[in-house]
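The data blocks that follow each hold one structure.
Here come two complexes built around chain A, the first alongside chain B, the second alongside chain C.
Here is the complex of A and B:
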């Protein structure tokens, strides 16, 4: 009996303490609401609208700018795929920084969704001996080729299956997305991804307000918080409006190709049918939608 | 589901008012009441979750924008890049000069082009591409005159494979919309026709070495 009583009082005290803490932090209604917000996939359209209005308001207060946050759903009959011409890429890293700007990646601590690996032609694709920190006067360097790696948008993704809270999933158009509000930061997905394509916000992300891209998607480039995982979304805020991803448009050698796998007239289909194509770590059966090819 | 949402909101209201009273509460009675609220709160949360689980159709995004004319994306060729200042129209000078079809190295005029010329220079020279009688035109091997805006046809005479890939958007760069209006770049936007091989470019800075990344946020440290 005595034991029971002490447990009850313990529980009571804990609950009291937590409420006191809640009161002490000055949590307002919106923050509470955000805290109790459910998984994005279970929200009704109205709830999504409310959340997005709140977000736009919040960002406006924080950054003193107008933001458009979209929750646009996937288009019918669209499955995105990407192709990269290994015989063209010169390793200039323009895509890396275009991506950082477009997708509001943290400048400090630094996060890059795209990693350009420099490899020796003699060794072929050899991740163990590749170099991401190369910095010569001019690229391409003799005897080397360049292999940019970002999320491979796998058809059989491992990262989504290991998520204990289903905060990451594959959209009908093939894009693997993260609900940053639902992510608990356990980083299982990072361990599961064989491509190192997921990145963790170890610190509060810092982005200069004037460099923020105000055209946002809820599942894409809206500012992340400390303690959540982020990744390439094929520029979901652009491609669902029909635009090419940012890295495609910036590439100075036209090595990057993007399109709809289900459209037989698309560039992607032409490449798959006519070029020598490879995917990374094929043996893992992740079935990437990111194809590397040789244009010559 | 919506109803539950409102229930949840009511709970929030209650919590808020209770928070304000919290300091005054000392009696056992109120403590018990609090426990009751937590339980109702948790319960309503869990029912919300349970209800939402049934809403499987909500998970599938019902896309409104169907891709209607996926294949008929219209492509727009952009303007040819501007020619070097002051040399076009070529006929301003060339109409007064007697054409000399003899292959030779130019020394007085266009020596800048001669200096950089690197496009099968052993076998080719100006009049293989420029028309001898009308310098404002290019000339195909067939003798057909060609506007500078259609220079890709001239390139394609030798580089047929590249032309084929370029037409389907695989060689070279396209910008615009993946399912709609696209903009081509012409061969000469990227390749100098007199020296088409790409020059090396300066790379953007490499990523910070892992050991140098400061994960500790300054603001948080201060707190």
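Here is the complex of A and C:
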């Protein structure tokens, strides 16, 4: 009897102590809940709703703005694909900055999901002789062409295979996403991706509150935290609502095409049918859903 | 009660020693503090305090991890020749080898913890509570192999020491079986770690079938080097009797390992340079630099030169059997493999990066300090464990003596 009592008081003491410790570290119940949150794919709809409500609340407190965070699932009979006209692209990097704004990428440290490579016409597609840091007064530069690269949304993605915790996966509509609350930041996926499409939050991401895009998707452009990986999602928050990705809309020369592979009437199917396309590093068998072609 | 006695006694043990011992402890503690304060920066600001960036997303930490996996593996593989050549103090060799392996694995895990962005989410990797990506991710494999290896070695070495401490016979059969299991496991952890890199078609520098064999060969150069020196120290200060011949045999085996490593590397280089495909770029970056980016070249050549001198010193019987040159060789080969694993293996895998861009990486001061912290704490742990093990194995530190002493103290007290 006595023993039992002392044990109970011991337990009580421990829990009191841990509460005190938590309070001391400024940890509240919400954060604790977030810490114990499970992998997004194992959650029920109800749990997802709760999490999203909490998130909207949290962002509101943090940025003093209204946010819509969606967890909209993939639609049936949709498989997205992208095509980019290499003969049109002028290397203006408008897509790069539209993407940064749309997808709430950190301004400092700087993260760009799209990298535009300047290549020498004489060498063809040759990464070893390409340059991402080109900076002339006017583009296009003589003797060069431009090849923008972002996530190729591979049909056989190597990044998802290697992730030790299943924090990144391919959705039924072909978009490869990351659960930022589940990623442990081991960066194995970055080593595995052949296209440099994955980016790491090396420091606390900074975005000015007034520049935040408030239209968000849980698996897409919601603000990320320090120490997790992020990548292009074809603007999942837009395309699942039937809009074009931001980069497609902003491109001044119309080099970017996007659509549903399963829809015979789509522009993407038209390009596959009538233009000759190529994919990058086909020898690696990643089978990209991102095609390059020469429109003229 | 006995356990508390053991802990008390051991604490006393590790706090006593010669001047040299205190100097060594002081050195390690100072280094750990210096390193620890560097690591605090990283904890606050994130991995931005390292020089890793998206292009070179793994670097010095994971290199250290790889090096230590090699140490952990080689420490146990040394048991094979001990059996084959029937060196007398086989039990002792097993004990010290396993202690080294245990410390090395703990340091490995520490390097992973400092390398990942969210160490608190470590539990996501576990089965049941997390979503482990087994068997697809080589990282889950590696994690489980390392854990199993740690548990096996810890079991054997605690069982051995515990039995001696209690003056009981240890269970020879079981120990022998477990040691025999741990040998292929040692090969296993290192192979799996090599596969971690090997399995990435995106990185041609690692995507070579020779990577795992080269790993093993180089581990067999560096791992025994520590034990070689440790055995000599033990021989001086304890009753540990290892013959000169056994030490020379270890050195001889290390020469074979170095030779095999050299051969594999030459085979690799021949293929790359003779076929002269694009993949040659990574080797070029490592050995000569590309354009103005030559920052990594001193690392690779210092590793090559140190390794080469060690090879020569170990190869010539005269210098191999001279303990001064032998020890110089051991230190050199250890350093050589350390630089090779820490820098030369990882960095060219990422430079040029997958899009052909060159980001010049060399470790930041935070990375160096964090590594210094882990190494000094690891060595501190190893020193303490070895100290206790020495007392148990050679100095008759055992439970009945402790109890006797306690009794005599008590009786003295009562007579007063």
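Convention: the second predicted complex is superposed on the first by the 273 of 296 C-alpha atoms of A that agree within 3 Å, B and C clash if a C-alpha of one lies under 4 Å from a C-alpha of the other, contacts with A are read in each partner's own complex, and residues count from 1 in each chain.
Note that a residue touches a chain if its C-beta (ideal position, glycine included) is under 8 Å from a C-beta of that chain, and two chains touch if they have at least 3 such contacts.
Because the structure is a prediction, the values reported are computed rather than measured.
In the superposition on chain A, contact is made by A:42 with both chain B and chain C.
In the superposition on chain A, A:186 makes contact with chain C only, while chain B stays out of contact range.
More residues of chain A lie in contact with B than with the other chain of the pair chain B and chain C.
Of the two partner chains placed around the shared chain by superposition, neither chain B nor chain C is touched by A:151. In the superposition on chain A, A:259 makes contact with chain B only, not with chain C.
By the touch criterion defined above, A:115 lies against chain B and chain C together after alignment on the C-alpha atoms of chain A. Of the two partner chains, both chain B and chain C are touched by A:204.
When the shared chain is aligned, chain B comes close enough to touch A:93, but chain C does not.
By the document's definition of touching, of the two partners only chain B reaches A:140; chain C does not. Once the two complexes are laid over each other on the shared chain, residue contacts for A:132 go to chain B and to chain C alike. Across the two superposed structures, the residue set of chain A contacted by chain B and also by chain C is 38-39, 41-42, 109, 115, 132, 202-204, 226. Contacts from chain C toward chain A in the complex involve residues 45-48, 50, 52-55, 57-58, 112, 115-122, 124-125, 130-133, 136-140, 143, 196-197, 199-203, 278, 281, 349-350, 352-357.
Looking at the complex, you find that chain A touches chain B at residues 11-12, 15-16, 19-20, 22-23, 29, 32-33, 36, 38-39, 41-44, 46-47, 72-78, 85, 90-94, 96-97, 108-110, 112, 115, 132-140, 171-173, 202-204, 206, 226, 239-240, 242-244, 248-249, 251-254, 257-260, 262-267, 270-271, 274-275, 295. On chain B, the positions that touch chain A within their shared complex are 1-2, 5, 8, 12, 15-16, 18-20, 22, 31-32, 34-35, 38, 45, 48-49, 52-53, 55, 58-67, 70-71, 73, 165, 168-180, 185, 190, 198-209, 213-217, 219-220.
Of all residues in chain A, only 35, 38-39, 41-42, 109, 115, 117, 126-132, 149, 158, 161-167, 182-188, 190-196, 198-204, 226-229, 284-285 touch chain C in the complex they form.
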